[in-house]
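Everything on this sheet refers to the single structure shown next.
In order of appearance the chains are A, B, C, D and E, and numbering begins at 1 in each one.
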Amino acid sequence: MSEVILKGRGVTKKFGGLVAVNSVDFDVYEGEIFGIIGPNGAGKTTLMNLIVGLLPLSDGEIYFRNVRISGKKPYYIARLGIARTFQIVKPFKGMTVLENIMVGAFFGHGNYTSYKEAYERAEEIANLVGLWEKRDELVDHLNLAQLKRIELARALALEPEVLLLDEVMAGLNPTEMEKIMDLVRDINKKGVTVIMIEHIMKAVMGLSSRMMVLHFGTKIAEGTPEEISQNEDVIKAYLGERYSKRRKSA
Amino acid sequence: KENVIKLGAAISMTGKLAREGKYVKDGYEFWTWYVNEKLGGIKIGGKTYKLQLVFYDDESNANTAAKLVEKLITEHGIKFILGPYGSSATFATSAITEKYGAIMVEANGASDKIFTRGFKNLFAVLNVASQYLQGTIDMLANLDPSIKKVAIVYEDKLFAKSVAIGAKKHAEAKGWKVVTFAGYPGGTSDISSLLLKVKAKKPDVVLGSGHYQDGVLLVRQMKELRINVKAIGETVAPTLIDFVKNLGKDAEGVFGAAQWAASLKFSDPYIGSTQNFVKMFEQKYGYKPDYHVAESAAAVEVYQRAIEKAQSLDPQKVRDAIASLDFESFYGPIAFDELGRPAKKGMVVVQVQNGNQVVVWPEKVAQAKPIYPKPKWK
Amino acid sequence: MIIQILINGVLLGGIYGLIGLGFSLVWGVTNLINLAHGSLVILGAYATFWIFHFLHIDPFISIPLVMVALFIVGYLMQRYIFNLAIKADVFLTLIMTFGMDVLLAQLMIVMWSADWRSIATTYQGKSFIIGQYLFPYTRVLGFVAALILTILTAIFLNRTKTGQSIRAVALDMMAARLMGVNPGKTYAITFGIGTALAGAAGSLISVIQSFNPAVGGGITLRAFVVAILGGLGSVEGAFLGGIILGIIETFSAFYLGESFKNVVTFTLFVIILVTRPRGLLGKKYYG
Amino acid sequence: MKELLRVENLNAGYGDMQVLWDISLEVKEGEIVALVGSNGAGKTTFFRAITGLIKPYSGKVIYQGREITGTPAEKTVSLGIAMAPEGRHLFAGMTVEENLLMGAFHRKDRENVKKDLEWVYKIFPVLKERKKQLAGDMSGGEQQMCAIGRALMSNPKLLLIDELSLGLAPVIVDVLINVVKDIRDMGKTVLIVEQDVQVALEIADRGYVIETGKITYHGEAQKLLEMDEIKQAYLGI
Amino acid sequence: MKKHIIPLIFLVILIIIPPFLSGYMLRILTAVVMFATLTEAINIIAGYAGYPAFGNVVFFGMGAYVTAILMNHGFGFYLTLIPSIVTAVLFAVVIGFPVLRLRGHYFAIASLGVNVAVMEIVNNLKIAGAAEGLTLPLKKGANPHVVYTYFYYLFLVVLVLSVIFTIWLEKNRFGFGLRAIRVDEDGALAMGINTPLYKTLAWSYSAVFTALVGSIYAYWISYIDPETVFDPIISVKMFVMMLIGGASTVYGPLIGAVLLELIAEVVWSKFVNIHGIVLGAIIILTVILIPKGFLDLFTGGFSWRRLVQNIKENMI
């Protein structure tokens, strides 16, 4: 197997009395798509915030290629090559689609400093994620599916080695979803390691090479999608009967 | 067509100095009216000129005042400028009149610093700030040689601080010990901490320097904290009618320093006497003139007198005429020293007695004897 | 001595609290930083003054009257002016209230001149003594009035339906509408209450200091400090913020000198902001 | 069955931008009706127009036989129309319980409000556990439950749920499907918007398909599920 | 480039116009240029970065004081400019470190607090003349018009510099960073933007221009005291101008400065006794009718419907 690119040990986050993430260990290997699932409030988004440095850890350590990144500033981590999308889309309003993407290009791992370079790079990415037609529109006028693409595009413009996706499929219809899934596959093929949080089983199960399940902040299972979908604990805590029934009938 | 001489002014009609600005405006307008209507104008070599006042609102802002004075000079072509209200505005505007070779006769900028710039064309009819409390100190020293300790509190702003510094020097010269010398920021509505310190020092006299609201605040809080002293002396506040209205009995016995008082008895070449001035003004405006009104009217009178004397409208000649003026007006003796400050005029001390503001110092113009020491708070 | 300073500070602080209360409420709910607050306080002071002048009603007794009058003014002002731009950027609405401040200040000058006013009650300047400590009547009464109004406002916000609707609108206007809350009216009521509280503060101002239309600016600045110290939209916070401000002022004035009291106040203020950005009792998700 | 809501030729949008074109639709009492369509088709806008959050340009909204077109949102709720909005829109600074009680803001029957609260807690036990927590501090899924709970608290006749399953764990979706059915069984009428067309049409009696602001298909849910066009466009089959 | 042509024409007019103006008109124009620069400066931090620096006048006051103090110690005017800039930047960096961590309103109010605190300190500072202020040597010259034209050009140079800086900013990575920070600081962080650094830089640049203007102002007016040069109303004015013209645009602030100075000028000369009322009403109406600023109103053609629509968009 390839090298571990992102590693967490004893990662813990407390909000007052609530332990949102409880001593989670994880290893993400270079080049894989790593899915994180778990009931609502299990701590998935919190874990992602811990990785990118938006929240300080209460305990534990996180390493990127053996460099400790816990305790580092978010912009530093982003420049190292870890990009993320937000569960609740956060486009830069008042800027056009291209300009949004350019922000990523300017400040990311790729470190484009000239306007022209950043612009050209943004055009490439707009094309890649299917926003070419909308490139000069203000993001304020876009719908959710397009905003999700912007989230992706911006993250891509950072030229990350690791891409964290927080529910990029949520709110998309199946067709839209298929398109984004293809996109994620493409990105992954280009060598970007992907960590995705998703509640839509079709998407995570379909994409991930390995998965981890969080429940009340604790890791309750890890394995291939196949293993996960048969895990009794996971079915009980997360997948539910209907899902397993449907799976069986399919 | 009528011949006119234009006098220009920036006046605070709005903003924080609007109250004083109104007095200034009334003073300027009154004397202008008097010259035109009662004296029939100013005669220069057979021709009669009417005075015309051109003014704008400076919003109590020095910057705006400067702009307006430049407008008056460059757009209206006016060379005879009357001062705005307040030291800051006087600073700013006098620099402009000086640059343009225009003249400024000012009645409402008392800071000593205004006169440190060696300006040739700037004249003030009012005493500078450092002299404000000197009369009060002289009077008290005269009344009671046993006074030893004085507390001086002031609003920490240009004018009030200049007054306080002047008072400190003068008190020390009299051999008093200044036990407290403390400023507080403008707009304060509580100086209890400061007064507690004053109380601990047990001074014989408390001198306060500031504007109207400071004067009221000082008296009120001294009473609230039951600080009893032999005398309280203030600058402007006790000379204003509102002071007595608002403080009622508590105002009794407080001394105030004024540039002028309506009860003074000077003669005047035009209006006859101070009394006449007061009477006519009251008839026309419906209130008794205070010293802001009087000094402002006097500033117009200075121009009138000087132009008549110079028999010319040439700024240089008028300027020289002003510099050489020496006469008694309803406002007091008018003459200027080489820096343009009043050479002969002094301040008067007023005291609130039975709800009236009476002049108690200097002795030769006093209406009544000062009540001393101040009765204790009840 | 220290205790006397403390007493003075607390008494002064109560009034500061009341000044900040209406400001904080309006800011927290409507997201309007009301730069006209000081002018509205002064309007309340004038109302008190004229009631005293013509009807000879004691300033403390006329507070409810003044509050009703000011409530109406505030209600109309919000309903028919501020509501028209309420969704614009906060800094635009800020400018709008600045315009209102300029307008009100001049209007008051035009109507009532720039003369200094204050109300001479029979008990002004008098104080009573407990132990060896002095308690000036006007300030004690002012403090009590401020305290009562703070408590009433808190009860109103937390216990009444209108109060609940005010909080709801503050947090999410769209959702509040879906619950049956009319946001335009709620904003107007909130602003009306804020203005009424400003008016009450004006009543207190009119007995402890002299005022004219120009002193509004300084009052707005104090209101700012109090609101931030206490935490936006927090009623108890505003009162506490006021008391703290009063104590800081009196103590720093005593130990460092009056001249430095604003330096100390504002330095501390900045420090508190940086260390506790939500103020002392500020609640999450408001403002 | 009696007709509860009828919409005739509704045109609506934002300012200059028209989103909905001549929408007509009807909902009978006690039905579950699903509204499906791609992103940006105008489903949310349609809900906004019915609840009165935006004013339609033209057309009619008839509810219980009365025309309510353009009635502002603050009034429609007391007519018995409640919505769990897209994006949840909880009162972040209020506790979970306060949020739920806000749902009953317009109600006068205090007694029943208490009962309904217990009922909502029974449906969503998490909410009961967290009733003292600020709603804004909860996870996305928890918030969705709270939003639906809040809408239920208004004792609606017609419940609109925008994006029922958005961001929810499959188990929770299961729960919600049952809840929606329960709600219907209590005699309430439910109109849902749902991206997961499979889920939507599974629980719904009837469905409407909306594409770029126009209704393109409608009919029994089961029939729609079997239509090839729908399969291709929305089920990814 | 095209959009800079009209401004360039205006610049040429501004350069050649002084001899044709009365002293008063020149003074007004000087004030317009001065405020335009201040507004352009506040636009960097408040417009682009979205940090409402309500106390920005603090740099103006500092610039003024550094120049005044040094000139009183015999330094030539130009020699005081570098110290003036250095002081302002140092202050922006040192104070910015804690204060720029606050967001939105809180930053606004903290920067105002800083302003008031500094004003009070200067008020007690012996070397700065304390509350009595400082007088500066009057600029000597052939006649007043020449002297005041000289100041006009000084202000104009700083204005041009500030505009060039802003144009550069628009198309630069730095500007993108600031705009991202304004919209969503967490998002900006996640995009790899070193937000603390960027904010501090933005405030420092803003401080540089503001302080320069303050320095020139002090020499121009020749007397300063804490109350006038640290007056928070000046900050408010900068804000109003920025918003009226159009925030985070290159030319919006300039339009705002021109409009507000001129409107104020007209209003007070026409309505001497009630100009505050009129001015207040105009400000309120502007916010209600043209919340996006004048620049927006006239790009793409003016229409009355736009005004109504603006109200509809922002009212409840």
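Methods note: contacts are C-beta pairs under 8 Å (C-beta built on N, C-alpha and C of every residue); 3 or more make two chains touch, one makes a residue touch a chain.
Bear in mind the structure is a predicted one, so any value in this text is a computation, not a measurement.
Asker: Both chain A and chain C are touched by which chains?
Answerer: Shared contacts of chain A and chain C: D, E.
Asker: Tally the contacting C-beta pairs at the C-E interface and at the A-E interface, and name the larger one.
Answerer: Pair with more contacting C-beta pairs, C-E versus A-E: C-E.
Asker: Let me check something: if the centre of a chain is the mean of its CA atoms, which chain is farthest from chain A?
Answerer: The most remote chain is B.
Asker: How many angstrom between the C-alpha centroids of chain D and chain C?
Answerer: Going by mean C-alpha positions, chain C sits 43 Å from chain D.
Asker: Distance-wise, how many Å sit between the C-alpha centres of chain A and chain B, to the nearest whole number?
Answerer: Here chain A and chain B have centroids separated by 75 Å.
Asker: Which whole number of Å gives the spacing of the CA centres of chain B and chain C?
Answerer: Chain B and chain C have C-alpha centres separated by 36 Å.
Asker: Two-or-more-chain contact residues of chain E, please, as numbers and ranges.
Answerer: Residues 120, 123-124, 273, 275-276, 313 of chain E touch two or more partner chains.
Asker: Residue numbers in chain A touching 2 or more other chains?
Answerer: Residues: none.
Asker: Using the touch definition from the top, which residues of chain B touch two or more other chains?
Answerer: Touching at least two other chains: 14, 156, 183, 185.
Asker: Which of the residues in chain A end up touching chain E in this complex?
Answerer: Chain A reaches chain E through residues 52-54, 73-76, 78-79, 83-84, 86, 90-95, 99, 102-104, 106-109, 112-113, 115, 118, 154, 158.
Asker: Mind listing the chain B positions that touch chain C in their complex?
Answerer: The contact residues of chain B facing chain C are 14-19, 21-22, 60, 156, 182-185, 187-194, 196-197, 200, 212-213, 216-217, 219-220, 223-226, 242, 245-248, 250, 377.
Asker: What part of chain B is in contact with chain E in the complex they form?
Answerer: Per the touch definition, chain B meets chain E at residues 13-14, 56-57, 59, 62-63, 66-67, 70-71, 73-75, 88, 91-92, 95-96, 98-100, 111, 113, 116-117, 156-158, 161-162, 183, 185-186.
Asker: List the residues on chain E that touch chain A in their complex, please.
Answerer: Chain E reaches chain A through residues 171-173, 176-177, 179-180, 183-184, 186-195, 248.
Asker: Mind pulling up the chain D residues that touch chain C in the complex?
Answerer: 51, 53, 72-75, 77-78, 82-83, 85, 89-94, 98, 101-103, 105-106, 134, 136-137, 150, 154
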